[in-house]
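Two complexes follow with subunit A in common, the first pairing it with subunit B and the second with subunit C.
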Partner chain A sequence: MSSYAGSMYHGSPLLLSLLGPLTVKRIEGQPNHLLYSLVSVIADVVSAMLIRATGQNLRLAYLRSLESLDLVKQIDVSEFLCSGDIAALIYLCNPFTIVACVGLSTSPIENMAVILCLYGACSRLIPLAAFGWVIATHLSLYPAILIIPVIFLLGCGPDSPPRKLFLQRHQQKEVLNQSKLPPGFSWRPIIHFAFWAFLWSVYVLVLCGISLKQFGGLWEMFKSTYGFILTVEDLSPNIGVLWYFFAEVFEFFRNFFLIVFHVNILFMILPLAIRLRHRPCYLAFVYVAICSMLKSYPSVGDSALYLGLLGWFVNELADMQFSLFLFCGYVGVSLLSPVMHNLWIWRGTGNANFYFTTAMVYACLQIVLVVEGVSAMLNHDRKLRILITGKPQDAKS
Partner chain B sequence: MAETKEKSLSDEKPKPRVRPIVRLGIFLISHSFHVSVVCCTAGVLALFLLPVLAKNTYISENALMPGSASPMLSNQHVSDGNRLVKDLTNPNSKSSETGIESHKIIAQYMLDLGAEVSFHKFHPQMNQFHPLHFFSSPDSGKIQENYSCSSYGINTVGIIRAPRGDGKEAIVLVTPYNALKSGFGEALSLGIAYSVFSLLTQVTWLAKDIIWLVADSQYGEYAAVAAWLREYQTPKFSSLSAPNAEMCPDVNNLFELKGHSISGSKFSNSFRRAGTMAAALVLKVRDQNEQFEDTISIYAEASNGQMPNLDLINVVNYLAVHRQGLRVNVEKLWSLLNSSWLKSLGEIFESLAKVAKSLYPKWKFGIPATEYVEGTATLASSLYYQALGVPTGPHGAFRDYQVDAITLEISPKFSLDKVWRNDILLRGGRLIEGVIRSVNNLLEKFHQSFFLYLLTSPSKFVSVGVYMIAFALLIAPLPMVAASLYVDANSSSKRSKGDSSTPSAITDTDEHSIAIRSWRWLNSAKLVFIVHLWGAIVSLLPYFISQIPDCSPTTSFMIWVLLSILSLLTLNSVLASPLACAKATQEKEWALVKSVTISSVFIGLGLMSVINFATAEIGALLMVPMCLLAQPLKLDVRAGTLRSFCRMICNLVLGHIAFPPAAFFLLKGMLDGFGNANVGDFWMWVESLWAWNSATYLFIGMVQLPCWVLCISILFHTC
Partner chain C sequence: MALLRRPLLLLLLIVTHQFLQFRIAFGSVNEEGQKQEEFYEELLLKPLPDRKLLTHFHFQSSAPPSTSNGRHHHLFPKAISQLVLKFQVKEMELSFTQGRWNYESWGGFDPIPSSNAKPPGVELWAVFDAPQHLIDALWKNLTHTLSGLFCASINFLESSTAYSAPEWSFPPASGKLRYGTLPREAVCTENLTPWLKLLPCRDKAGISMLLDRPSIYRGFYHSQRLHLTSTGSGSEGMDPGIILEQTLTVVLQPDSQRASLAHASEKHIQPSWSLSSIFGKQISGRCVLAETSSVYFLLDKGLVAELEHIHKENEKSEENVLISEKFWNNPSFELSAKPDRIFIEESSLLSKNASVLYKFEIEKYGESEPFDLGLFWKTPVVWLCQQAPLHANRFLMGSGNERGAIAISLKSTQSSEGFMGSNSNDERCELRVDVFQVVPWYVKVYFHSLQVFVDQQPKAVSDIIEKIHVSPSKDKVSPGVMELVLTLPCSVSSAVLTIEFDKGFLHIDEYPPDANQGFDIPSAIEKSPVMSYTEVLLVPLTTPDFSMPYNVITITCTVFALYFGSLLNALRRRVAEEERFLKDKAAKKMDRIPLLLSKLSAKLRGRHLEGPQAPPASSSFINSKSVLKVILIAGLAVYWQYYFS
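Up next is the complex of A and B:
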């Protein structure tokens, strides 16, 4: 029988053939979801290790760029926190990660693919990055936009202060030491990446084609995975906002609003990419956060991912505003939302609006997080510039 | 005007313009003291205004049409009911020790009417510790091994199939009955139910099945109804418990006898079901009555302050008052009725309303002072029972399955003459008939009217939209004060650093504190988290303590207190004694701790207001002043002004009152007098809370207690 018969499964056929048997098989005397939850736990631990390695990479790159800017004296480097360790800890201890694991969702595996892609790009393992990107896109479509940060990462290396600052610094000293400048954009690794991405996607598609040969082939797969994501067919309540909207919208406007909502994500890609091009990992974080806010079937696993990635930038984001407010908001919403759901579905004394309120608050919190995070990062860059030029400039951006 | 002014201002200063909403936020935060005083006063005042703001009830669902048909219950049915009452009160029927005889009589009567009859045997469930139970649906019940034959109850269930229905919906009528020591009241309630039942077997308009449950109340009315509902809604597929009960000779005896005497009839051994329940009525008749007219009391509070749909109460109230001429009562706190301060408050409101009316004739919101006092007493009891989270009757079991149910308790003016008995049978029966007929008209579930309300009289209610205002006003200062403290603590540390260092080094020190500046609160958050963790541990401890055999409440309570203190000390030392290390690093630590505490209290209260409003309201009345006022005593002593002295006194008093056991004993003392207060009482009370799955228990353990501990730690902070 086709795995897409009915509306039980809308994921990748490869994932099903790998993990499907695990959900059925059982060890003597143990509950039968044990094996699959073990896989989720392993995936999460691997993700945390990759996050740690990437974080250390980023920290080294940051220190190196500070050194080349001669800012080491002004900024006490010993105060710097180990961002990799913090990020990994945040990812592992986050209740959202644990809940996603307990709920036997596939998001640990999707998150692992995304992190694999970023790790590969940071440590310039191009085949690994391409593999992560292809698998992440194959599993949930939205990570496709991560190709932009990956290109920047491969092209100019990991996060660093804007290139302009380096030029200014060296103009001040009037010695143009080329070796201290960060390397410019290079196309070679990107062509490599494109080649590997092509190779991996052909590989994945062929595997999918083989596994779905009798059941309508690849077209069937695209229709019930990507199509299902893009047309928002399932309107059962989740922590996102789209289900409510599309339950309310008139049928003949549906297509229009589908386009509007999906283009929403695409609209934000370009401006952010221009503004944050010197910090590709941060760009990736912002993209992941925006996706988890606007995707059609969000889950807490997505939040777990971007909150973990946020840990990479503890040093840069030390001045972030509203941190206590955001923290309390996340705690409050994550407690209130199950209660509202209970009130609506179980007790029957509430209605859909009760639950949707928490979903809206959650979306707002994510927006505030992204806005404040980006502005804190830009402020950080501005502060570095002030330290270099020695005089505060009028903030124009 | 304002816009041009703003423009000219912005022309003068080319600085980045602050948005109005941000400006408003800054204004509120900088004046947080005044704002919080105003908000809290307004919140308390609004709470006392609620009886004035109560609206008259109205029947929201058109399909109900109460009282549109004339009652069909005739004297014939009443005499049928009378016959049953006589048979039951007959001393011969009480010969059997288990009271099986009377169950047989009832079953026989039901069978004679042509109803399907079955017996349901159940074992009373032990009190179990499941504090999160309110959140999930009831399970099918644990199967216990050690059932003894001596402790089981028998519910008699009669079902009339509706001639016009499809058997998918049902209305339930429950009469608790204790066959061993039944009073005359219980027999009378059976009589009323029987007369209605006998009418309903004949009528043609019935569209929903009628289930008459005679609940065996020898182990409590609630337990019997809950056991039957559990069996009805979540059938057990394991065959473990059923044979257990069947092995008992008495029960077998019962079935055999039945089988012999009435073969081929509608009696069945298996559990019988009808459709989903549209509504349920629990009918009781009180034995003694001190009142001079026939009254009917409505009990509606189910577990965790859940209420049935208001329409159900409306229908009963309308039919009882306007058709049957019965007085309708809801529970009141009687001690409040004679309080003079409440009366004077009511008079103030009344005179205010008069003044307002003289100013503008369309403002008509005043109610007479006596009515105000009664409304407040009813509201207080409504709040109290909702806050307790313990159902006020067997109807509570239905609400757990989303069935609207109320208990009607008829208290007739007592006399033993036969005319009177017939009269009460007729009027009670007609009331029940009318309600059933109305519910029978329903096309959907009850959904039109309110689920979230407080009653101030049987015909007046305060809806969620009104009472939430009082609550929101009360807790509105919390986020504001938290924000202002947070901003204060952050800016003060910056300022002190700026002062101490030369201007050239400012940027340097800024960079130096880079890692802690914006995330300084994390340290306080850790402390708050640890205390809440401790709260969770404290809430779980009774589970283990209750396992200790032969433990008196007082010793249990003592063990609990000791273990709690021990666990607090252990947590404090294991997790690197957060208070000490925080003190070393930051000077305004207490402000941050207070800020995070207030935030957590805000979250907790907001959460609780959704789960159980009444608990949150009462908790807020206790906790909000305590949280807002908390300040290190040392600072107050050092300041030495009158204001700080007042604050110190307030802090000390609140610190004593808001401790949950202290608050409990104070309330208990106020209600019953301080004479017989016992330390074990608190344990008993807490035990009843967790046995009834009350969320209040969790609230006390995980919100109020940690908040109190944190406030105390702020009070004794050495800064």
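Up next is the complex of A and C:
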């Protein structure tokens, strides 16, 4: 029987053939979900290690750029936190990660694919980056937009202050030291990446095609994975707001709103890419956060991912506004949301609006986080520029 | 007095004996001298152990294969014939039922309950004689036609979420059978009237005269059924012959006032009744169009055994009173009319346990002397109806609105050793049970979670289940179907099947008007080998707030608009520029008039001249771009002026 025969499974056929047996097989005397829980724990640990390595990479790049801008004296580098360790710790100790793992969700594996992609791009392992990107896209579609940060990462290297600052700095000093300038955009690794991405996607599609040969082939897979994501067919409550929206919206407007919500993701890609092109990792974080906010079936695993990635930028985002408010909000929502769900579904004393309210608050918190995060990062760049030029100046970058 | 010994099944007996009888041709003769259209009417009365009375009306019309079917009929309803021809129906059964057949006290092994006990609401199944790809379309059209014909919402079975195609639970049809139920359909007199219209005499003459609406719908259970079979035409160009069977089964509580008055001391005595007391009417003559018109009175096995036992105790005589000359007035009960025939069921095992059937011909009665059968009980009798080997129940497990489990429990009634013995081998006695279960798509069943408990012990599924066919539900497309063939040892006392499910969440429009009442899961069918239906399950589903669509839409859209706006704002904001803009504004507040003047002069001097008065420092405020804009607007204004003047 096809794995898509009932409306039960909407994931990748490869994931099912790899993990499906694990959920059935059991070790003597142990519960039968033990093997899969082990897999997700391993995936989380691997993700944390990759986050740490990438974070260290980013920190080094940041220090190097500060050095080349001669700002080491002005900014106290010794106060810098080790962002890689912090990010990895946030990812591992986040209750969301633990909950996603306990709930036997597939998000640890999806998150690992995303992190693999970013790690590969940061450490210039192009095949690995392409693999991570293809798998992440194959598993949950939304990471497809990470191709933009990956291209910037491969083209100009990891996060650094705007290139213009370097030029200004060197103009001031009137010594144009080419070696201290960050490298310009190079197309070679990108073509490499495209080649590898093509190779991996053909590989994945062929594998899927083989496993679904008897059951309608690839079209069946696209229809019940990507189609299911794009049309929001399942209206079961999740921590997002779209399930309730589409349960309530008039059938006549359904298609319109489907387009609106998906275009909402696509719409912000370009402005963010223009404004944050010198910080591709941060761009990736913002994209991941936006996706987890607007995606059809969000889960706490998605939040675990972007909160982990947020740890990379503790130094840059030190001046972020509302951080205490956000922290309290996240704690409050994660405590209230299960309570409201329980009241509504299990006890029948609450109604759907109770739970929807917590989902709405959660969406607002994510919005505040994204907006404040982006402005904090822009302010950080401004601060660097002020340090260099010594006065506020018109910045067109 | 004719004593006939007939095969085991009584119904078979009822149906077959009619063909032996002399036929009087009402209805005109076919020009080719073939078989004519025929109509039979029968009524069966049977006392039930729990002081109730089963009345079972049976009407049968048949049309032989002919070339004029669907165009001209003498007795056969034209609507049905056209329906059969148009939708190529091979076999079809439609039932409207209100109430639930009580298998425990009304029996489950007699031919009458096994073929007439139906699930509550509407049940429809049909076998089509058409190519596979046409069947779904034919089914949809058939449901609409029947819906119009019987004033019922059978058209809701049109949607693919409402019907299924069982593989082996019904007559084998190689995928040409469709099955659907509407458990919540309310059945009432508006469904009975069109059903009666199919009879040649309607309810104006014959047995159907008894169908007094208030008394029928006061009953505990009533089920009207329509079963039609089309027999293949013998030759080309001939339309198929059709046999239409209409039955109405009603379980009534006879008014026991008279009995309680007469025997105030005897509380356990069965209530006495007569046709006029239960229906308020009598049969004043038969339907003249009917070949035969007869009323049967059935005493089932258990009752006969009990009566004989009582009689022997009292009289100590060896003679069987029930079939003796004065049987209608024996020590236990008294019949108000003398039957024309008595049939005794032939039983190979124990001749004592045979049910007795009294037949009354209606031909003898007329307007002057209406037929009114009455039964007057003299002594209290307690007996049990014959049970099916297994008694099926179904219930829900779990709480909350997220998940649950369906359990089907089969309990052995231990009452049909004879049946089991007939099915047993020398070493192993096995009981074969078919279970058929349809679940709507919003009850998302996990078929892997099927568990079997035999005598409270969990058993491996593969040991018990001989054959399984599962078609999982598809959201908003098709229901889930599960067909099982179980083999249980005969000594089993109980078997329970459990299967877990998740509850789905529907769109606001998909909920019925009273959403909080819950959703019905249609009855499961258990066949061992007598068919019985389980209870309808009521599954409460989580409901959204039905009054909220506008609020949800506006709040969500507002939040996302805020996100979009504030993020774009954060991206395009330039703090330094803003600061300077404000500073400039404060500085320039004083000399706004010179600024305007400078603009004016610039405009007056022509396009090539840029404002020399404008200080170069404030280039961000009045730069060449804004000057150009001003010039452009001025030019437009001048052009406009000239054009209109």
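Worth pointing out:
Following the convention adopted for this analysis, the second predicted complex is superposed on the first by the 392 of 397 C-alpha atoms of A that agree within 3 Å, B and C clash if a C-alpha of one lies under 4 Å from a C-alpha of the other, contacts with A are read in each partner's own complex, and residues count from 1 in each chain.
As a convention for this text, contacts are C-beta pairs under 8 Å (C-beta built on N, C-alpha and C of every residue); 3 or more make two chains touch, one makes a residue touch a chain.
Source: prediction; values computed, not measured.
By the touch criterion stated above, A:P237 is placed in contact with subunit C alone, subunit B being left untouched.
Shared-chain residue A:I75: touches subunit B; no touch with subunit C.
Looking at the shared chain after the overlay, A:V331 reaches subunit B, while subunit C stays out of its contact range.
Look at A:V371: by the touch rule set out above, it reaches subunit C but stays clear of subunit B. Legend: residue contacts after superposition of the two complexes on their common chain; A:L128 is shown touching neither subunit B nor subunit C.
A count of residues in subunit A touched by subunit B and by subunit C gives the higher number to C. In the superposition on chain A, A:I345 contacts subunit C only, with no contact to subunit B. Of the two partner chains placed by superposition, only subunit B is touched by A:Q321; subunit C is not. In the superposition on chain A, contact of A:A363 is made with subunit C only, not with subunit B. When the two complexes are overlaid on their common chain A, residue A:L387 makes contact with subunit B while staying clear of subunit C. In the three-chain superposition model, subunit A touches both subunit B and subunit C at residues 346-348. On the side of subunit A, the complex with subunit C involves touching residues 1, 5-8, 233-237, 241, 243-251, 261, 264, 267-268, 271-272, 275, 293-294, 344-348, 351-353, 356, 360, 363-364, 367, 370-371, 374-375, 378-379, 382, 392-395. Interface residues of subunit C facing subunit A in the complex, by the touch rule stated above, are 399-402, 441, 444, 446, 471-476, 480, 504-509, 542-545, 548-549, 552-553, 555-556, 559-560, 562-564, 566-568, 570-577, 579-580, 620. Interface of subunit A with subunit B (complex): residues 74-76, 79-81, 314-315, 318-321, 323-325, 327-328, 331-332, 335-336, 338-340, 342-343, 346-349, 354, 386-387. If you check the complex, the residues on subunit B that touch subunit A are 135-137, 306, 402, 445, 451-452, 482-483, 486, 507-508, 511-512, 514-519, 521, 525, 595-596, 599-600, 602-603, 606-607, 610-611.
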